[in-house]
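Shared between the two complexes below is chain A, which pairs with chain B and chain C, respectively.
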Partner chain A sequence: MLADRFDRIGAVALIACLAVVSQFMGDYHLALLTQITVFALSAMGLNMLLGNTGMISIAHAAFMGVGAFSSAYLIQNLGLPALPAILLAGLITSVVGMVFGLPSLRLKGVYLAMASFAAQIILYWAFEQSRWLTGGQDGRFAQRPVMLGISFMDSHRFYLLALAFAVLGAVANLNIERSRLGRAFNAVRDRSQAAEMMGVNVFRTKIASFGLATFYAGVAGALFGQYLEFVAIQAFSLSVSIQFLALVIIGGLGSLAGSVLGAAFIVLVPEILDTIILMFSHNTGEMAPIRLGVFGLIVVVFLLFEPQGLARAWNRTRQWALNHTGKGSQTRS
Partner chain B sequence: MAAMLLEVQQVGLNFGGVQALTDVSFSVSQGELFSIIGPNGAGKTTLFDCISGRYTPKGSIKFNGVELVGQKSHLRPKLGIMRTFQNIALFPNETVEDNVLVGSDYRLRSGLLRSCLYWSPLGCSRQEGSHRAQAREIMAELGVEQFANVPASELAYGTQKRVELARALVAQPALLLLDEPMAGMTSGEKMEIAALVQKLNQERGITVVMIEHDMGVVMEISHRVLVLDFGQRIALGPPLEVIEDPQVRRAYLGEAV
Partner chain C sequence: MLQVQDLRVIYNRVVRVLDGISFEVPAGRMVALLGANGAGKSTTLKAVSGMLRSDGGAVASGRVLLEGRTVTGYSAVRMVRLGVMHVMEGRFLFPDLTVKENLEMGAYSQKDRRRIAKDLAQWLEFFPRLAERRSTPAGYLSGGEQQMLAIARALMSHPRMVLLDEPSMGLSPLLVREVFRIIRQIQQSQGLAFLLVEQNVKLALEIASYGYVLEQGCIRIEGTSDELKQNKHLQDFYLGINGNETVRCKQAAPQ
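And now, the complex of A and B:
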């Protein structure tokens, strides 16, 4: 189908473009791009949980923290090579995530939100207490990795590593969506009782969704820590978790494009606002509350006019482009 | 008579003081087309919900000799029991094809890893493809193939009922529970569905238990009819016998005796 091919070519072109352009970027822009990429990877997990399976989590940042701290510990204290350490950190986070996902068997909606809120509080408290792992309030250092003999110490190189992880995450995301598990996720979201009678093991499906979402969070958290070369517990606070929720809602629930666009939105809009504010005032500190307020306002206005998120807006643009490049050929998707 | 496929014995269910079902017993033999009728609120759908595991009643429900009471709902399709719902329980945001494929869930055992590796030799693409083909075949048979990529919620009521039937059939059930498969349909559509149900029963040997309000259809195609009223069995037998039963006439057809 034309639409499929359009997407595939577009995606490959975008990835190639990012890989090349990033290498010529200045530090500031590269930092933003790396953050978007790592956030997008993390958001894919949360989006599969919330968008595809219909289960909310207000603890996503805390799970990123589990990944960040455990990978730093595995590498520095236990001397594991970076690649296995990152994957193992993902698995550890996944196990923790599945345990905290257990209440989802009984709880839905607001109640599940409260249970995951509790998970955020518990994990954050555990970070504060476990100085051996997290360094407490002081935080701990993390190293940029050397993988398969290649050093990713350099920021430009590290970006390529983050991009590679994000691409793998995206491919896995799409593959899950089109197979049995993806359908089971959606069935549980839409009507869990009917899904159960149609043969879907709802309990296992929910736990798998939690395990998957937190695996993404763990790997993204590990990369995030290595990128910053420093892991501080404040980076995984409740407000960051809520930011991730906002990210997937603004981006578009249940959509891979939504995870990516939402990450770009959440990272870029505050920066753009800063730039604008700097034009009027030289004291950004003084203007910080205004920046936050304007950001909130943009989010509200956006949700009012495009409740299905950036992915929807992107789809419309895509359709328009297809209709104009396909020379009148029919496009159905 | 052939072997009993479904044996319901002394089934009772109580909702906070309301006796929804009281000591209901009947059995359905292999290959039978069995109908359940009764006024609204008689407990027909509740009985289906007991068989498919939504409720855990008192008494015993045996399928092929296996006790169902207390077993998890999601094991029913594996045992060979599929159902449709009175108020349509499709997954509204998903396409018709994806809806139908949920019926394949218990036969597709690909987990996370095989899903992630979709196209690789270890992946689940081949298995997915063969189930997709089976789903397409059944969708074509039920005349819903042209809606394969349409979200279920966008379809007309009658079409959604057909999609539900397709979802049940893709699981290759031995026993099909149909909850008002013809409700809200035109008489032309009803005839089509009735013919289809008969065909499934005769050609594929699927045992059918059907809740239906259209007495014409029930009389026409059922081998036996169970009549429920206020959660109790008031009659059971061949359609012509049941319709003459004075208790049935009073309860169901509203005739004074």
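And now, the complex of A and C:
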């Protein structure tokens, strides 16, 4: 398939390009790139839950927090090596996520949204109370890791680590989508009763989706904390959870490209707006509400004109490129 | 093959829908469950297939036996594994998935990929209309095509028994005949047991060998198709043979 090869070559080229270019970037741009990469990894999980399985969660940031705090605790307090600590943090988050996913057996749509809202509140409250784990309002430090004998203290090196995790996450994401479990996800999303009729264990499928989504959140949260070298509970508030929801919707539901493009959008657009605002005013503090307003406006306008998200726009561009570079008639959407 | 004994079903803990019904479906035969709206036909199928729970219903008493094994209250997942496939009223396709993907979902309980591919080819050959539209999302199919797809999808799991609910729903009379012809053909060639729920009593009795008439949660009449066709009560209320209905229609019509 021309289209498949096009995608694969494109993806490999992009990853190679990011790995090389990032090493020559200044701190500011590298910080943005790292944030996009970690957010994309986290968004892949939420997108599998929301896009592929059709279940909403407004607690994704809280789950990232579980991963961030538990990995910091495992490394600093229990002395675990970084790699197992990150994976274990992912697993812990996954277990917590599955527990909070239990209401999905009975609840759908807005009701499920309310249940996950409760999860966000409960987890956030637990963060505030558990000073031994989170440092409470003061937050706690997190170290950049040494893994397999390689130190990732340096920001440029750390980016490569984040990229490696994101690539692994993306490959896993694609494989899961094509697997039996992935088909069960879609079946449950499209018509859960029909899925049940086909012999899909709907409940187990839903819980598996929560488990996967929160595993991604946990690992991404662990990396996020290590990248910042400091974990504060405010980084995992409700508004961040909603931001992730927006990210996935803007990027494109049920699409890996959507998770990546959405992450780039959510990180870059506010920065670009800042740059523009700075051209007119030197007082960014005063302009902050305007920035938020404009950002919201862009999101709404965007959804009106491209309701299927950035991934759809990207697909169209890709199709156009295929038709013009390939030998003409490739009619695959 | 399937025996249902004195089955009682209640919804939401209070509403009694089935009030102790018993019937039997022998292996490789087609049995029809007849009756008016709200008689409890669909509920009976759901009680057998394990689809009752997601509807808020439960088996209050009675037994369901599959080849002598008690399967009362089994989940749909387990019933599919035991070879009982339910085609619910309204078809319940995956509208956004293509015809081919819908069929593949039907084989969800199957593990052998090569066999799934073979089955897919076989059923697409059997349903040429579906083969033509294999890449079309199921939501875009016509009513008749959707019904064929729902049946074909159920067959992808190699069932030993199919519970078929109201296959004629929303189809033109011509299409209904076509669908019933195909159902009979499949039933005979595959040696499958069918439990058919149908409001079109006349057609149902043409392809089924035995029938039960359900009224208000109880079985009123049962017998072979030929017996039922001769039954006075059935003729009066369901077949309209004695002319009562035609007369009423004439009176109701303007002028």
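Note that the second predicted complex is superposed on the first by the 330 of 333 C-alpha atoms of A that agree within 3 Å, B and C clash if a C-alpha of one lies under 4 Å from a C-alpha of the other, contacts with A are read in each partner's own complex, and residues count from 1 in each chain.
Please note the rule applied: a contact is a pair of C-beta atoms (placed from the backbone, for glycine too) under 8 Å apart; a residue touches a chain by one contact, two chains touch by 3 or more.
Predicted, not measured: the structure shown is a model, and the values here were computed from it.
Overlap between chain B and chain C is detected when the two structures are superposed via chain A. Partner contacting the larger number of chain A residues, of chain B and chain C: B.
In the superposition on chain A, contact is made by A:L212 with chain B only, not with chain C. With both structures placed on the common chain, the touch criterion links A:L181 to chain B but leaves chain C unconnected. With both structures placed on the common chain, the touch criterion links A:A172 to chain B but leaves chain C unconnected. Once the two complexes are overlaid on the shared chain, A:M198 sits against chain B and chain C alike. Of the two partner chains placed by superposition, A:A59 touches none, neither chain B nor chain C.
By the touch criterion stated above, A:I250 is placed in contact with neither chain B nor chain C.
When the two complexes are superposed on chain A, the residues of chain A that touch both chain B and chain C are 180, 183-184, 186-187, 190-191, 193-202. The residues of chain C lying in touch with chain A in their complex are 49, 51, 54, 75-77, 80-81, 85-88, 92-97, 104-106, 108-109, 153, 157.
By the touch criterion stated above, chain A contacts chain C in their complex at residues 180, 183-184, 186-187, 190-202. Chain contact summary for the complex, chain B toward chain A: residues 52-54, 72-74, 76-78, 82-83, 85, 89-94, 98, 101-106, 108, 110-112, 114-119, 123-124, 128, 149, 167, 171.
Residues of chain A touching chain B in their complex: 171-172, 175-176, 178-184, 186-187, 189-191, 193-202, 208, 211-212, 332.
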